[in-house]
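This is the structure I have questions about; it appears just below.
We call the chains A, B and C, going by the order they appear; numbering starts again at 1 in every chain.
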Amino acid sequence: MALTVGLRPLTRALLRPWARVPGAALGRPAAGSGDGVRCFGSPRVLVEPDPAAGVAVMKMRNPPVNSLSLEFLTELLISLEKLENDKTFRGIIITSDCPGIFSAGLDLLEMYGRDPAHCAEYWKAVQELWLRVYLSNLVVIGAINGISPAGGCLLSLSCDYRVLANNPKYAIGLNETLLGIIAPFWFKDVLVNTIGHRAAERALQLGFLFPPSDALQVGIVDQVVPEDQVQSTARSVMAQWLAIPDHARQLTKNLVRKPTADRLLQQRDADIQNFVRFISRDSIQKSLHVYLEKLKQKKG
Amino acid sequence: MALTVGLRPLTRALLRPWARVPGAALGRPAAGSGDGVRCFGSPRVLVEPDPAAGVAVMKMRNPPVNSLSLEFLTELLISLEKLENDKTFRGIIITSDCPGIFSAGLDLLEMYGRDPAHCAEYWKAVQELWLRVYLSNLVVIGAINGISPAGGCLLSLSCDYRVLANNPKYAIGLNETLLGIIAPFWFKDVLVNTIGHRAAERALQLGFLFPPSDALQVGIVDQVVPEDQVQSTARSVMAQWLAIPDHARQLTKNLVRKPTADRLLQQRDADIQNFVRFISRDSIQKSLHVYLEKLKQKKG
Amino acid sequence: MALTVGLRPLTRALLRPWARVPGAALGRPAAGSGDGVRCFGSPRVLVEPDPAAGVAVMKMRNPPVNSLSLEFLTELLISLEKLENDKTFRGIIITSDCPGIFSAGLDLLEMYGRDPAHCAEYWKAVQELWLRVYLSNLVVIGAINGISPAGGCLLSLSCDYRVLANNPKYAIGLNETLLGIIAPFWFKDVLVNTIGHRAAERALQLGFLFPPSDALQVGIVDQVVPEDQVQSTARSVMAQWLAIPDHARQLTKNLVRKPTADRLLQQRDADIQNFVRFISRDSIQKSLHVYLEKLKQKKG
């Protein structure tokens, strides 16, 4: 079955068992490699392939806010892995199918009131998504069509290029401190790489969510365009990136990004343990409780 | 006595003996922690506490130019330590009580014609001030109301945010090369962190002192305001920083700044020895002599 | 003979034998150090000394495009070494004597169809040129009067200051990916140092050649001036740099640049082997073949 092709051990481990994504295999099974349109995707990740262009659009659909739950992360990883292993595709565009929100980031319900083993499994999946996107051999363009805080911002920052819709509500940033939590060092590293040390230092401490004009000025996104042109702009930018020979571009991307990824790779387990220890603290669980109650009241 | 509460060994070592700051305990002794207004301060460091806001203003008064002499450094360290150890305070504003000058930086008289032991003690205090300000758990805002060269610039760069008075005479920068001396690696690291590698490389070699408009453009300060609004702006900015939960902000600040501080912490003694060796050279002592003579003639 | 004065072992090794630069000693042999005008230079490197100012202009003349062939690199290294060892000179201006081109960069003919030993010798010379220019005790100003791709850009980036002629044809950048090859890590490091991580990441992958206005904006050059003012501007800038005491400026330059140079110095041989292995691949030789054929057709 197409879904299982090329899955690496880690992704398999994250699924454990497959049944966790029961409806994941919505698409037609592929008859083989290179035979035209393939239907990828899963309940939460719509993949619209354009084999002629070598491009696939990955639409995140985990309503209401594309929270990066363990299941959703797992589906994203599977989709990414399939696209990476399919020679048809040279680039992907990541965008949202949920109106007004790109992704709200990590799912607090995966860390609130959960046992350490679950938190560890979850954090491993978060790490994996970052490493997969940040080091992807594919060109990855973010078509950011909604607000993009915290983990949603990290996902954006891990793309090769970011196009943000010019809607003042669509702020982007690592706003962890506002929730009383801390961005991990690799979130910080990626932000420093993108907007520089000083801007990152200030933005991280103050939990800045940059509206489009500020986002462009500080460099946390590369381009701001009218909302109805986000997808078409992402496609044009993609064409520019695909004009470069894959091999040279991939090696160059690796040259630039590997040292940052290596900092996590060299201490993945310690980073997981740190996360579990931190999130298990009473004070942090309490902060999460307060925040989740506020969210409930907002909805109610 | 309030002054001795919570002093860490290093600061004690720097004082050795206490008598060095004979008039340091000007304030009323505090009756205990959290019991309202405390009077800190020393002859050279005026502390104006605003307990309601959780903010203290530290005014440097070491006329004529707030040279960072060993005594003055020691008083600054004591005041910082006291404020850090007093739960009343969450932020401090560092500013000058000397008209037209924030701080002229290191006191050349502490390195000219002095024996190695004195130079070593002095350098340790310089390191300590930087580490204390740069890693402070308090929010530290610089209200830069005067020229701020060399060590004065370092002090500014170590704050969390810099507000500079818009007076063309109030230049700021690491201008050590103009004196024939070299900024230590950690001065360089902090400048690179703040304005980027290329701008720092050029500014350090040419000993740039940036007037306000250039300072803002290159990013060595965060904001330039009319001279009579420096203090009020610093207070508004402080409110913005204090809106963030302390714990999350402090851990995030540490996440961003610790690696830079660690570079010095891992080689503090070697750095002291380097300084002593460098400053003891005949050629450097001669440069200092020439410069100090020039200063005398200016005054004369 | 003037030419042999002060040559370090490596440069000698690169020459092996001297006969490689048969006409190198065009100038009058110097009668001694400090005795007025000296005539340096070689067939491909014109040196115009201005002893009164302490400045020499080095004009690259390896027509048609100042390709950095092994012979040309060797002559550049000899000229640099002579100027560095002559107390008369405190600064050099590097510029081109070939109309419209600063330098086309590395000479592909030194890596296409060559045996590994030759490729290794060539790469060692490329490394040496970079280290020599990047860490030079002299002030090095680039008067970039023509297009400056790939290795030509690296040479520019290794200067202390870059003045680019305002001609839309005179683009500058590390465009290796366009040729299907990869910039080495130290090219990348120097670009990151100059324009920041994010801009470098994008420029390197897309092989950007920045026209003057973009070059100035991204910071890959420091100044853009009308074409007929490039040399005079370089001279004015030089005066500014020479106003700084040499000793302090040199130590500060070293402080800022040594860590970057050390990354190569710590693995020079491995870097040579990497290059030889990479360039010897069939796929890369094929890419070079295609590119060289295109160049031939253009000329034909």
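The rule is short, and it goes like this: a contact is a pair of C-beta atoms (placed from the backbone, for glycine too) under 8 Å apart; a residue touches a chain by one contact, two chains touch by 3 or more.
None of the values given here were measured: they were computed from a predicted structure.
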Classify the inter-chain contact topology: is it line, ring, star, complete, or other?
complete
Over half shared or under half: which fits the residue numbers at the contact of copies chain A and chain B, same or different?
different
Go ahead and note the Å separation of the Cα centroids belonging to chain A and chain B.
41
Multi-chain contacts only, two chains or more: what residues does chain B have there?
192, 196
Touching residues (chain side chain A, partner chain C) in the complex:
160-161, 192-196, 219, 222, 240-241, 244-245, 247-249, 251-253, 255-257
In the complex, the residues of chain A that touch chain B are 176-183, 185, 188, 192, 196-198, 200-202, 204-207, 283, 287
